[in-house]
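Two complexes come next, and they have one chain in common, chain A, joined by chain B in the first and chain C in the second.
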Partner chain A sequence: MPKITVDGKLIDCKERQMVLQACQDAGYKLPSYCYHPGLSIPASCRICLVEVEGIPKLVPSCQTPVRDGMVVHSRSPKAVASQKQVMEYLLINHPLDCPVCDQAGECSLQDYSYEYGRSQSRFEEDKAKKPKKDVGDNIYLYSDRCIMCTRCVRFTREVSGTSELYVDGRGYREEIDIFPGKPCNNKLAGNVVDLCPVGALLDKDFLFKQRVWLLKQTPSISPVDSGGENIFLEYNNGVVYRIKPRYNAEVNGWWISDDTRYSYKIIQNEKRLKSAFKKEHGSLTKTSTREAFDFAVAQLKSLAAQSSGSLYAMLSPMMACEEAFLLGSAIRAIDPEAVLILGPVPSAEEDDIFRHSLTGQQTFVIKAEKVPNAEGIRRVISQLGGPSANYNELISGNNPLLKNLKGGWIVGGYLSNWIKGALPAALATGFRVVQDILPTTLSESADVVLPGAAWAEKDGCWENYAGKIQPFAAAIVPPEGITREGDLYLALLGRTGVYNAQAIRKEMGEPFAAVSLPTEHVQAPAMEFAEL
Partner chain B sequence: MAFNEPVLTKRIDADPGKRKLHFYDDYVATGGYKSLRAALDMTAADIIKTVTDSGLRGRGGAGFSAGQKRSFIPREKKGLHYLAVNADESEPGTFKDRYLMDYDPHSLLEGVAITALATQVDVAYIFIRGEFHHEIKVTEQAVKEAYQKGIFGQGGIFGSKHKLECYVHMGAGAYICGEETGLLEALEGKRGWPRNKPPFPAIAGAFGRPTVINNVETLCCVPPIIERGPAWFKTMGTPSSPGPKLFGMSGHVNKPGVYEDELGITLDYAINKLSGGMKGGKHKGTICGGISMGVLGPEQLDIKLDFDDVRFRGGCLGLGTAGMIVMNEHTDMIRALRNCVRFYAHESCGQCTPCREGSAWMKKILDRILAGEGRARDLDMLLELEKSQGIMPGTTICGLADGTAWATRTFVNKYYEEFAAKCPEERPTQMGIKRGIRNVTTPMGSNTR
Partner chain C sequence: MKDSDVITLEEPRLSYADTFYLPQVLIGLGTTMRHMFNVVVRGKDRVIQYPEERREDMPVEKGGMLLKTYRGVHRLNKDDEGRVKCVACFMCSTACPANCIHIVAAESPWADREKYPAKFDIDELRCIYCGMCEEACPVDAIELSHVYDIVGLTRQEMIFDKAKLLNIFDETVKKEPM
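The block that comes next holds the complex of A and B.
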């Protein structure tokens, strides 16, 4: 393994690694704009120029491979002069409208200007004026703020493979643009906003909503498909404002799909179920969660007492594994022969595969299976053992196990209305406790309706299509009136205490017991107590 | 050292009225393709050795040894090799390649074929500047002839086993595509943004394959070298820069045009003997090799025009393409520099920050000086900005930025008084408002408004 010395620090590198990457891996910061580990290296922004002993010129550290014994100076007078000059150059045509810029607070220009720039500009001429452009359904381009790092252009060529963005013009007049009538609307388009080191590419969805320094981050997992993309939920005052990708080399790399990016909107959906209902005199009336829950438990217990094997629990692939485990155990505690049914697993026809526009190499996959945890629920059901079935068997009625079901606990939680068309006969009869986050024809005809918490409001873990179990943490508390499923199921089991995903995973045994949040993301538990 | 007869221009009459376009028959009748036939009997290594021995240096501007360049191409062939002919002649003041293509296109094609033999090239691209409509037509016609006569094509060069395809590729008129890797990118159908080196084109050039890139004039020098040998070639020019050279004389001279002479003639000779002397006044300065090389001052008429003297004694970047722009005493040097910098600001490809922003900034400063708003600190600013760009300090990917730097450096330093006269020291006026434009460099909070 080669070792290099950067500013007097000895840094271990991998073979054929670039100096900049080696420094970043070792936690030593060198400035960079155009360099992104997930894209090709143009070495064009020139902010990362360093002095290497034995080379008379400055060299771009992003593009200089390490050599054992290399001595690099990033704070030598020559390198510092170059950094200062590049910063000054980048700012001469920059509007410096940080007070109204969404990027302010997470802007490389601001950071490097502070660290490497000069306090004053000597530019006395008129700035070049460039227009604002609407480049896609979700993206604005403020070309005047752009520093031409071309990360976005390279992204659309090398990752999404759609090549919508290009560089128009030449020299100081050049701008990023789209081809006429061809907006940047691919399913990964939102990533160009994350990539932009300055405030040039902005998300219309987040525009002017929140200053970024107010946002807090919580690690989470994408709820939209079985890929299990790693994300950060960014929130303030109990409101999730945006979702950003979280790097995971094995799963999603640096990118997330736009479906994931805007999936947080379910949390703020106006139609969300926010209180419990129970059927009284043939119609659903609003009630407290406690009352509805007690009513449901009493009814289920009496059904179970009449005959064994008459209860079922429909475990939704939107549930966390821990919740599924608790609900499954609870329903079996009431009726040992209860049937565990895997809820519907909606699926698109095929995976969306993205390829490098030139090499054709596969860069990103959006999975066809549009739920995050079908694998995890299957695993939980098989770990719990006993009678089980799936949703199709339930609605077609082919499975003899399902002939004499009298009541069940049905969990939805899907991001959109999951009952398409008429309510299936199997779901229209018997005593039904429905726990969901959006109203459906099922919740309208159920006997008890319990509001569910969205994934951003609870802890848990999901298993992606490849069998990788990934934990996620609660960013915010559920709206008033909603009790987290975990707490309800603990009550259903007759246990006291607050739902703690990590402790439940220990109970569940392997492979769940070994799952825990990456240590850098573990936060002190929020002091929230269940309503019950 | 003597230059007795024209070499590159032997088919081009000195009298413009008698010049004639030489196609295949005329070319062969005047001794054309003899060298190619001779080269077919030589081994690749021999051809490279002959060219290296001749000391031929690239005529495209950098003056790199042409033989050495060929020797970088891997000997063991593992796939296609390419040759890219740089006919994207866009340097202001340079019009020599065009002259050769205008009248003697087959000498270029012969050079292409010999170079292809030496470096086992399979496909040659002649990258011609988009504005050269006539030259494109002529060269295409010549290439067509060469195919018919069995030089190019799958029949092999004159029936030998070495096959060579040749295409004329039309550029879109960007100066940056004359930079060798910018040219390769444009050739591949991409935006003409120069590549980072390494890898050098000799290892991974066009389409990722080993590629030789040569200027038109360099290739035209190859057939005479093969025909008459390196020793003869070395009788012309200076020991470090042997051979004939086309000098493109323009500006304030009586007879502007392309003249062939040996390397190492003095500037005085070039102006007074080749191009009929100064017009309209005394010599004030000469841009020696396209504007990127900088300017030779009024007292530098004794500078020898070769690749080294211009650089070491003349204080310029080099001889460049030897496209001389001669300026007489009435020339406004600030205007001249502004024109050069305007060109670079316009032609900067926009990839590297220092060149993209710096050239535009310098242009704006010069515009302001010309508008009578110059201040003494502008000159310091210009001299500081030029130092921060170019491949020599390592701040840019390609050498285009060096053009801005050297033009500014030489102009401002050699004509400092003239610049300083337009850039007076600042005098605060009554209200404390500095003369000229708004003052944005005042520290925040200081009460100068």
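The block that comes next holds the complex of A and C.
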């Protein structure tokens, strides 16, 4: 392994690595704009120029491969002078409108201006004024803030493979633009906002909503498909404002799909179920969670007492594995022969595959299976053993186990209405406790309705299509009136205490026991104790 | 916390004279008498006949206040066209140690500006009148005016919204220009 010396520090590198990347891996910071580890290297911004002993001119560290024994200076007078000049050039036409720019607080231009720049401008001419452009359904381009690093252009060519963005003009007239009538609307488009090092590309959805320094981050997982993209939920005062990708080389790399990016809207959906209901005299009436829950438990127990094997629990692939485990165990505690049913697993025709526009190399996949945890629920059901079935068997009724079902606990939690068309006959009869986020025809006809918490409001883990079990943490507390599922299931099991995902995973045994949250950026949400 | 960290305090015992209270009352009356003597006999009148006389109307040498530096209730300044100057940058609410400024930003309806405050609320009861907000503002949109006699019957009334804050600007701008 080659070793290089940067500013007197010895750094271990990988073979053929670039100096900048080696430094970043070792936790030593060199400035960079155009370099992005997920894209090709144009070495165009020149902020990363360093002095290398034995080479007369400054070299771009992002594009200079390491050589054993190389001696690099990033703080030598020559390198510092270059950094100052590059910063001064970049700021010549910059509007300096940080107070109204959404990027302020996470902007490389601000940071480097502070660390490497000179505090004054010597430019006396008029600044070139470039327009604000609408480049996509979710994206604004403020051309005047752009530093022409071309990260966005390279992204649309090399990752999404859609090539919507291009560089128009030369010199100071240079601008990023779209081709007429061809907006940047691909399913990964939101990523260009994340990778723009300045505030040139901004998300319309987040525009002016919050200042970024007010947001807190919690690591989470995408709820939209079985890919299990790693994300950060960014929230303030109990409201999730945006979702940002979290780097994970094995799963999603640096990117997330736009479906994931805007999936937080389910939390603020106006139609959300916010209180419990129970059926009285043939119609659903609003009641407290506790009362509805007690009623449901009493009914289920009396059904189980009449004949065993008459209860079922429908475990939705939107549930966390821990919740499925608790509900499965609880229903079996009431009726040892209860059937565990895997809820519907909606799926698109096929995976969305993105390719590099020139090499055709596969860069990103959006999975066809539109739920995050079908694998995990299958695993929990098989670990719990006993009678089990799946949703299709329940609907078609051709599984002998499902012949004499009299009541069940049905969990939904899907991001959109999951009952398409009329209510299937199998779900229309018997005593039904429905736990869901959005109202459906099922929740309208159920005997007990319990409001569910969205994934951002609880802890748990999901298993993605490839069998990788990934934990997620609660960022916010559920709206008033909603008790987290985990707490309800503990009460159903007759256990006391508050739901703790990590402890439940220990109970579940391998492979769940080994799963734990990444520790960086984890902040405990203000936790209020559950009602039950 | 360890036991050694706990400090137990005894209530001080009153001396025999203190238990009579009368000496303390007389000492207190002494101060009143001294002032009365100063006013009536020596003619040194330090009394302001509030609210007929107000400090903001008096010259500074006579005990009046400096309007420019007094830190009273906030005002939101307007530009030449009468539009709110604030660009909703949140600098003031970030700087505020009492956390009492609540802004909702929106895209501005004017061509020359990106952003403006759709809502701008200051909880005047929570505010400690430190003036950090005015220091932080990049466009001199928020200022502490010289108005100090604000009243309200409810807490809600004391949360000043944008309209109220702009109103204070109109009322004070003559006396205390931007």
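Odds and ends about this structure:
Basically, the second predicted complex is superposed on the first by the 525 of 532 C-alpha atoms of A that agree within 3 Å, B and C clash if a C-alpha of one lies under 4 Å from a C-alpha of the other, contacts with A are read in each partner's own complex, and residues count from 1 in each chain.
As a working rule, a contact is a pair of C-beta atoms (placed from the backbone, for glycine too) under 8 Å apart; a residue touches a chain by one contact, two chains touch by 3 or more.
Fair warning: this is a prediction, and the values are worked out from it, not measured in the lab.
Of the two partners chain B and chain C, more residues of chain A are touched by B. Of the two partner chains placed around the shared chain by superposition, neither chain B nor chain C is touched by A:496.
Of the two partner chains, chain B is the only one touched by A:93; chain C is not. By the document's definition of touching, of the two partners only chain C reaches A:207; chain B does not.
By the document's definition of touching, of the two partners only chain B reaches A:174; chain C does not. When the two structures are aligned on the shared chain, A:44 is found in touch with chain B, with no touch to chain C. Across the superposed pair, chain B and chain C touch chain A at no common residue. Contacts from chain B toward chain A in the complex involve residues 174, 176, 191, 193, 196, 345-354, 356-361, 364-365, 367-368, 381, 388, 391-397, 437-441, 443.
Every residue of chain C that touches chain A in the complex is listed here, in rising order: 87-91, 94, 105-107, 113-115, 138-139. Within the complex formed with chain B, the residues of chain A that make contact are 41-47, 49, 57-60, 63, 81-82, 85-86, 89-90, 92-93, 120-126, 128, 147-148, 166-167, 169-174. Chain contact summary for the complex, chain A toward chain C: residues 97, 99-100, 207-209, 211, 213-214.
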